[in-house]
Structures are given as structure tokens and as C-alpha cells.
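Just so it is clear, A, B, C and D label the chains in written order, and each chain counts residues from 1 on its own.
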Amino acid sequence: MDYQAVLEEVAAHARPYVGQGQVADYIPALERVSADRFGIAVADIHGAVYGVGDWEVPFSVQSISKAFSLALVMAQSHGSQGGDGNHGAPGGNRAPGGPGTDDIWKRVGREPSGTPFNSLVQLEAENGIPRNPFINAGALVVTDRLQTLTGDASTSMLHFLREESGNPDLAFDQAVADSEAEHGDRNAALAHFMASFGNLENPVPSVIQHYFWQCSIEMSCRDLAVAGGFLARHGLRADGSRLLDAREAKRINAVMLTCGTYDAAGEFAYRVGLPAKSGVGGGIIAVIPGRCTLCVWSPGLDARGNSVAGAAALDHFTTLTGWSVF
Amino acid sequence: MDYQAVLEEVAAHARPYVGQGQVADYIPALERVSADRFGIAVADIHGAVYGVGDWEVPFSVQSISKAFSLALVMAQSHGSQGGDGNHGAPGGNRAPGGPGTDDIWKRVGREPSGTPFNSLVQLEAENGIPRNPFINAGALVVTDRLQTLTGDASTSMLHFLREESGNPDLAFDQAVADSEAEHGDRNAALAHFMASFGNLENPVPSVIQHYFWQCSIEMSCRDLAVAGGFLARHGLRADGSRLLDAREAKRINAVMLTCGTYDAAGEFAYRVGLPAKSGVGGGIIAVIPGRCTLCVWSPGLDARGNSVAGAAALDHFTTLTGWSVF
Amino acid sequence: MDYQAVLEEVAAHARPYVGQGQVADYIPALERVSADRFGIAVADIHGAVYGVGDWEVPFSVQSISKAFSLALVMAQSHGSQGGDGNHGAPGGNRAPGGPGTDDIWKRVGREPSGTPFNSLVQLEAENGIPRNPFINAGALVVTDRLQTLTGDASTSMLHFLREESGNPDLAFDQAVADSEAEHGDRNAALAHFMASFGNLENPVPSVIQHYFWQCSIEMSCRDLAVAGGFLARHGLRADGSRLLDAREAKRINAVMLTCGTYDAAGEFAYRVGLPAKSGVGGGIIAVIPGRCTLCVWSPGLDARGNSVAGAAALDHFTTLTGWSVF
Amino acid sequence: MDYQAVLEEVAAHARPYVGQGQVADYIPALERVSADRFGIAVADIHGAVYGVGDWEVPFSVQSISKAFSLALVMAQSHGSQGGDGNHGAPGGNRAPGGPGTDDIWKRVGREPSGTPFNSLVQLEAENGIPRNPFINAGALVVTDRLQTLTGDASTSMLHFLREESGNPDLAFDQAVADSEAEHGDRNAALAHFMASFGNLENPVPSVIQHYFWQCSIEMSCRDLAVAGGFLARHGLRADGSRLLDAREAKRINAVMLTCGTYDAAGEFAYRVGLPAKSGVGGGIIAVIPGRCTLCVWSPGLDARGNSVAGAAALDHFTTLTGWSVF
């Protein structure tokens, strides 16, 4: 596969979509980004990286960080079988998890959330257990868990991303984090609501702060495609060490496919057919297991918060390559 | 791959789960099935079929029929790009569909439905447009469309299944269809409700009747694995002719993965990682694109309506083979 | 109180509102009514009747019939204490009801329904028990019960209304009833849905038919004010015989106040402060216990289905007289 | 009316219910109250007060404070017509309110809230506008407004209650207020959620604090019956000065009847037929316009948060006296 040629054709195809949609404007720090940016990068499983357009320009990762925080919590919990206990071995005599067993899946579900309208309905009807780790409520629970496991959820993620991307300059964008906090009443409502059900381990202000910092990290398409390589390598990190076992990596991909693009996950699976996680900064990371990790960026968002040109680019990439999981 | 050996190991693994769960009891005709049945079959893309246990015993396909009715509607609508118009080409100057263009996707969505609790909520909030073609409301719309396209939705499906499975003895189970109709107030409510939004083309009683007949068809694991082969063959039928183009086949698989196992689709993707469609008769059909189609059957259902032993079997199949879409 | 003078002042006050709002147009038979009609009548508890404007012009009673069907079911059930058993005597040793005891309140609630949006949600979440007897679902249950008690729900109501109003010419409007049936998918959905929970005693088509016939009865403001006199007379009929005991009459008034004007009951209580039942034909019946029953009619409806000029007239009536229940 | 004799008979009737239900236990400070307390007091409109049982024992007013905060906001807003503008004069040329006009009714509704389940659903579906001023979300908005109007919402209410009850010893219960704050995640969630819709004027922590302090005020049945006298006197205060005009007092009574007893307002109206406001401290205040104000107290609550013995007492009071608003 000549990745560079494919990316160039994809970029040409996506060009007319660049500038379509709306740049996220709920905080001023995001609103300032120019709508006409477009970049795409591919990191294959052997470490080669290709890119076109603004693929080395940093942008705010926003919800893409949710895929990494989930991976870090799962990685911290080796020995756990991620809630499989729900299905139970017959007879129920399954041995309790050893040291490090984590039960994040008792505190957050794995099902798509339906509509945004439902987010609070479901929390209320389902006793403060968010539907999945990629809606805000679920990501707050994951961050809360990462905070407990590491003592500093946002810094531990930043360090991981620096190491994995090989870019030691990655940093929080303080202005974005502050701006999020200033407009953070809705996330505060979600966190307090879950706390009222006993589903947070750390104080609400601390959880929210780490959550906003994680979202504020700035990375380029290159950084994200490289840092997300472990999802295509069945859990192996860039240095060949194991972050997750193959089953765990597969499962994060499954959750990305069913829940990774907000309320459009079904649509995205139908159209693109790849596990993916999007952010309101305009980035989308996507995985072709066993082959490569992609990241595309263009700030204009559709009504459900996914990059318009980014989705068009990924759609065309799967058309050109014939690579989809289906 | 020695399919026969794999199936035997899978059956051994699933054995302790057989008899767990509840046999569907909402209609007497289903309730009579013995809980201790178990069968599994694999049809590879070259036409070879393997099976163990009760793999040649017919059972009520129930909701598995929904995957076939969707495929038949899509097949009748060649030339259509399945609602892609929603994403629009830039400038919006996309040519209108040619003859045969179908707009089933304007009448039914492609997103997971969230909880069963939501089914009527969402119909109400979303103007009578069901979330996806695999919840009952969505399947009624697809059946309604198939009725319009073919003049006889249930017979056209029966003929297709006979041809595709190579089993000319396939038939409706009149007792099951009658029993469904007798206990069909909820489906009647859904159909009238959608009719009140103008989302049915045919009279409610006719749509419901064809829907019940489709569900009542009796097939074995062998029949279903063979008949579903086109989903693994990127749209090619058993005789090599094309039912769907590759993109359409991929898309049905995507909808099966995100919506095919009732409210447990996220869980099923997480655990098994295959496109699948289950039925309350205890059958599950699953697809490994480019390789094979499986069908497993065991009547005991979990709380969400999926076969307990069937899910365990598919889980173990992917573990043994390492084949998952992720 | 010089009722005639008050009514004239009220009519003058309401004049500018006549023609505002929308005439119900969901069925052609209602749509044809001219928007500029206005009538109001008062029947005092001694039998005197006063009216102005189009107070003797018949119109479609529609949902006003719900107050009468509830009264007839309660009247048929003397000896019952209408679900008071829920509160229980201490010790729970309350004697079972005697002959005629009815338990309509086990099948329908007495709480306001919140938003129209909620109607199906609540039926689903609350096992097919409608919130109150004045939403459509609840009225279908009451009609179903009246059908069981009388053998002919709609005719028994027509006979009662003829006797009580002293107008032997009252009749069903066949065109309206047929038109409702033709556009009756939503009510059919509600009825089938309740049937699926076992909350209907009679076949769905029969219940719906009687319900539509009750709604189609044509009466004037005069007819309705006189026929509703028993609600102001603490349960005594026009001929002095007892239909309901004082407690029952009080309770129907309570349900009218909290649930009688669709989703605007709180607003209506706030503004007018009288028990009332409205219909989409533009009529509103209101009760001043111990004094009189009013009926006002003007076809233009507000967004919640209540007559705009009718509500303004009742508001002004309470302002002029100082009569409100609060 | 020999109030003392009536109250004694009422107390005897209610006796078997005392101790039934559950004492509120969501905060320790309330949990400590003995379940076997019972008191009832009546204050007639001429200033006479009667009582039996524990009628002079202070208890935590809790949500009963919501009726007073609403009254204080309306009193601060003379000249306002309480949202009547929604109904509009024909032509819409109604003059803007004069000085003091308040628009609390643009920020909170007047409709019953349906189920508790719905509280957050409705806030979400209705853009952060609570259904009515007596659910927690609505009371937070009213407190927020009172804070803006007075600069100190809780102290201004305390002063008013001291003056109106004639009891200068009324005070906040600091332990209760602190305990509420410690377990206040759900109210914090509601407040942040409304803030995210722009429906709070003051900082969330300040609004919550004043809200908890208002709820923590300790008063006896005597204090509350006397302090609530203005609702029976059509708005006149104990000293004969005017707090509210007659229309405003009527309207508070209407909201109490339709929304004052949590999700049981319809049931309470059906059974008792009086405007009332209950609190989880076990108190209920009720109004017979033009006659008297009652307060009853017994800590055992039914499933919806209303005093079991208190409701039984009010029910019997209306039966004995024949006084209901219907």
C-alpha cells in the first residue's frame, strides 16, 4: 500500500468538505481555530508515519483523550477481565481477580447511549451508571478511576502520550482548560449527579479539573496516529512492550466502533466501518486492526459533533483501500 | 482451519451454558421448545458446511429474519446509496437516484436504540422514525417496504431463503404465526403509532401479518449459515450471482454489529466482536466477512433476549480462531 | 348575582380573543367549524339557565365527554371508595367492597400527566396504567369499563346526557365519529399498548369505537351546563335523585382541576382556579361547587388544545364574581 | 365551628396512622426525630389559634419553606402579573410592567411535574426551566431570585417568618443545613444543570447554601399555621398590611393544590381537596381560603414524601367540616 499516494487522494476528495460544518464555539479558545484546516496522518504498525496537509499542526484533542484514559485504566488493571464476570462461568465459581483487578465496568456500561437527550435520563433511570466510557458522564467516571489509580489522572495521561508519540513537547493548553471550567456547569451537573449515586471516588472539583486538562492536551495528527498505534498492534506499545493484551485492545476497538462518535456511531459504522474516536476539536482517530492507526483533523463539525471533512476523508480511505472491519 | 474440530471444542465449551437462561414464553408455541438443545454450524465462503449438535434441527428464526428482510429491501433498491444523501456531496448537486432507488433509510435510522424502555419514547420524540431496522418498529417498516416492493413480503422472503439455503422444505410455522398474532398487541401498537406519523405504506393488519409470518419461518443452523453466506461473500449469492454490492453487504454487517443483538449490541461487540443477529427462538447468526457465516442455536435466553449458550459459543469461537473484526 | 349581566360583560371581554388560536384540524369534520363562534351559559344549582352568544348552537363535545364517562363509571360503582384502599385503614382490616364495588382506580391513576410527550413514556414505564382518566389513554380505560358495566358505553352516555340536559334531540355525529376512526391510529396504538399490559377488558376495536362515538356527541353550551349540574350540586341529578355522593362529586371536581385541561391544568388552575374539562371542539365546562356549572365555547384553540376565548372568558368570570375555589 | 373539638377528633382519628411510614433518613439530622410525634394546629383568619398534640414542638420545615419563598418573591414583585403576559392581550400591546415587575414565571413553570423520574428529563427537554416552584429545581430558581431581590434569601425569609408567626425565637438549624450540604450532590447537580442553561443569576454555591438554610428553619405547627395565615386572608399579613393582592394569594393556593405535595398532588387533591405544601420533616401546611390555615406534623412519610398521619388528619378534617375547595 502506497500510503502517501492514498492520503493525497483522500485529501483531494475531502477538500470540498473542508470549511463545512461549524467550528465548536461553546468555549472561546476553540472558536478561534480556523475552519479551513485539514490534515491526515497514518502510522502503520511497523512505525512508519505518513501525512498530508496540516498533519503536524497541534489541535485540541478534546474527547479523543477518552480513548486513552480508558486504555490507561484498563492497563492499570491487568488481571481484570473487564466485567466478564457478568456473564459468569457456569456454576459461578470463577476465582476472584488477583492484585490489580479493576472493576471499571461495574461503574460504566458498554452500550451506545442513544440520543444526547437521553444522557441524563439514562443516568437517572440507571442509578448513576453511564452508558459507556465515551459519553461525558462515562469519561468522568474513567477519569475518576484513573485519578485513584495514578494519583494524577491528567499528568499520567500527558506522560503516556509524550512517550507514545515520541513528542516530549506535548502540553496542556491552560487557556482551553480554564475556558472549559468556566463553561463547565453541565459537566459539573453530571459529576454531582453521579456522586449522588455514589459513583465517584474523588471529589467532584478534582475529577472535573483532571477531565478538562486531559481534554485540553494539544496534539497533531502525527502525534495522535503514532500514540494510538497500540490499538492497531493488538496492545503493544511503540517500544514493543505490552500495554494491553490482545483481548483488551480488541475490546477498546469494539467500544470505539459502537460508541466512539457520539450519537452517530451507528451511522459512522455504516458509512466508514472502522473503530474511531472523535473530538469537538475536529480530530478523529481511527483504527484498522493489524494494519495502521489514522488521525484526521478539520475543525468544521456536523450536528453531532464529528468533523465533516474528517468523516468524508475516512470514508474515502476505506473506499480506496477496501479496508473496513466488515 | 479445521472447522469441524473448532466447532467441537466450541460445543464442549458451551455445554455448561446450555439450559441456562429462559426459553421465550410470551407465546405458547415457543415455550414448548426444550431448553437443552444446542447446535452450531459454519458455512465457509466456498460452500463447505460444518456442524455439531442439533445443527440440523429446525427452530423458529424469529428476529433473525430481520437481517434477511433488510437485505431483500436493499437488493430491490439497487442504484440507491442508502441515505448517503444525508451527508451530502458538497454543493448538494448530487444526482437523484435512478430507477429502483429506494429510500428505506429515510424511514428508519441506523443508530442503536439504547434501552428497550426507550423504544416508544424514541418513536414519539423522533416522529415515528424507528432507530434501526432490527428493533421491532424498524423491522415493521422494512416489512412494509418489502410488501410494497414485492407484493408479498413473507412469501418473497420464504422463496429467497429456500433458494439460498438449498432447502426447498422451508416453511412458515402457522401455529407460531397465529400465536404471535394472538399476543400481538404490542406490535399492533407500534404499527398504529408509526401509521399515525405516516410511516407505513400498507394497512396495519397486513404489515403485522407479514411480519409475523416472516418470524415464524423454521430453519436449522445449517439452513441459516448457508442462507446468510452472502454477508460473508461481500454480497454474492450461493449461485455466484450478486444480491448486493460489496458496500451494501458491508453496511448490513455494520448495522448487525451495532444493532443486531437487541440492547446488548455494545456488550456483544465488546465480547464477541462480530456482526450478528439474534432471535428469541434462541438462534444467532454471525458473520466473519471474507471467511464464513456461523449460526448457533440454544433456546435459553438472557435478560436481553440473546441465547446464553449461543453467545458463549461465539465468544469461544473468536477466542479459538482469533477471528474478530477488531 | 345577576348572571345575565355578568355573562354579557364576560362575552364583551372575551370578544377580542374570538378567532385567535387554531380550529382543530386533525379531522375534516371539526375543521369546518367557523372560528368566530362564541357562546357561554351558566346553569345555577336551582335549575335556572342563562346564556349569551352562540350558547344554543351544538358543537362536538369531544373530550368533555370524559368527565361524564368518569361520572357514569363512578355512579355504577356505588359502594366503592375509589381506590382509597391504597391508603389503607391502619391494620389493613378494611372490609371488602360490597356488590357494585368498582376498582377503576386500580386501572387508571389520578395524577397530572406532565407533558404530552410523556404519554407513551409513562404508559410504558408504569405498566400500561394511564396517569389519569382525562388523557386519551385513561379515557379509553374508563370507556372500556363503562362498556363492561353497561354493555353499551356510548349509548348509555347519550341517554344520560339527554335526560340530564332535558334535550331529547342530542345525537352522535356519525361523520365526526367516522372521521375520528379514519384518523385514529394514535388512539389504536394507545389501546393496543394497554391491551398488551392486560389493561383492557373489551376488544380494542369495540373500545375505540365507543370512545369515538362518545366524543362525537353534539351539544350546546346550554346542554352541557345543564347536564353538568350534578357536579355543582354535590352529586344530585336534575330530578333531585342522587347520581354520586358528595364525596364522589368533590373528587371528580378535584380530578378536573388537576387534570382537566390537558397539559395546561396547572396554568388553568393558576389563572382561573376552577375545576374544568375542555375539548378540542372548543368547549370548556367549569364548576363552581355549590353555585353553578358553566360552559363556554369558541373553536380557536391554544397550543395545548384549550379554547383561547373560552379560557379568557372563564378567567374574567372569576375576576368579576370573585368566585374561585381558592 | 368548635375548632378545638374538631382537632381533638381529628387527632383521635389520625392516631393509628402515627408511626406508620418512614422518617426521612437521607440526612442524619432528620433521622433522629422520633416517629411517634403528632401535632396539629389551626389559625383562623381572625387570629385565633388552636392546637392539639405536639403542636408547639419545633420541627424542620424543609420544603414547606418553598411556599414562603414563592410568596416573598411575588410580594417583592408587585406590579407584576405573574407571567400572564404569556396569554397576551389581543394585539399584544400590553404595557410593560411598572417598577418592581418580576418575571419569575419566565424562569419556572406552573405545571405539575409528573413523576420524580422526570425531573431531570424535563429540565433537559425544557431548556432548564423547572416545571413548578415546588420541586427542588424550581425552588432553587425561586431562592436564586429571592437572593437577587433581597441580597440574603435565607435571612429575609427567617425575618418574615419571625414577624408573621410572632415567634422571635425562630432560627436556622445549623446541623441540618450542614448535613444537607454534605449530602447535597443532587441539588448541586440540578443547580449546575440550570446554570448551564443560564437560568441562575447567582453563583451555584450561594444559591444552594441559601436553599439549605431556608429548609433548615425550625418551626412548630402553631408557628406555621399562624405564619401561613396570609394565604387564607387573601394576602393580608397578620398586622393587617398587605403582602400579596387577592389574586396573587389565590394563585399561590392554586400552585399548592396542583404541585404542593410532590408527585401525589393529584391524589392529595382527590382525597383532601385543599391547597397544601408538605415537607420531608413531616409537616404539611394546608389552606381553607377565607377561613383558616392548618398545619399538621408527624414524621412518618409515605413513599412520596408526605406525612402519613398528617394526610390522614387533613382528610378527616375535611370530612368532619365539609370544607374542601371542591
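What we mean here is this: a residue touches a chain if its C-beta (ideal position, glycine included) is under 8 Å from a C-beta of that chain, and two chains touch if they have at least 3 such contacts.
Every value quoted in this text rests on a predicted model; they were computed, and no experiment measured them.
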{"item": "Minimum number of chain-to-chain touching steps separating chain B from chain D", "value": "2"}
{"item": "Euclidean distance of C-alpha centroids - chain A vs chain C, Å", "value": "55"}
{"item": "Centroid distance [mean C-alpha coordinates] between chain B and chain A, Å", "value": "30"}
{"item": "CA centroid of chain B to CA centroid of chain C, Å", "value": "47"}
{"item": "Where chain A touches two or more other chains, by residue", "value": "117, 125"}
{"item": "Pairwise touch network: line, ring, star, complete, or other", "value": "ring"}
{"item": "Residues of chain D that touch chain C when the two form their complex", "value": "16-17, 20, 82, 84, 87, 89-91, 109-115, 117-118, 122, 125, 131-132, 247, 249-251, 253-255, 257-259, 263-267, 269-271, 273, 275, 289, 311-312, 319, 324-326"}
{"item": "Chain C-touching residues of chain B, taken from the complex the two chains share", "value": "117, 119-121, 123-125, 185-186, 188-193, 195-196, 204"}
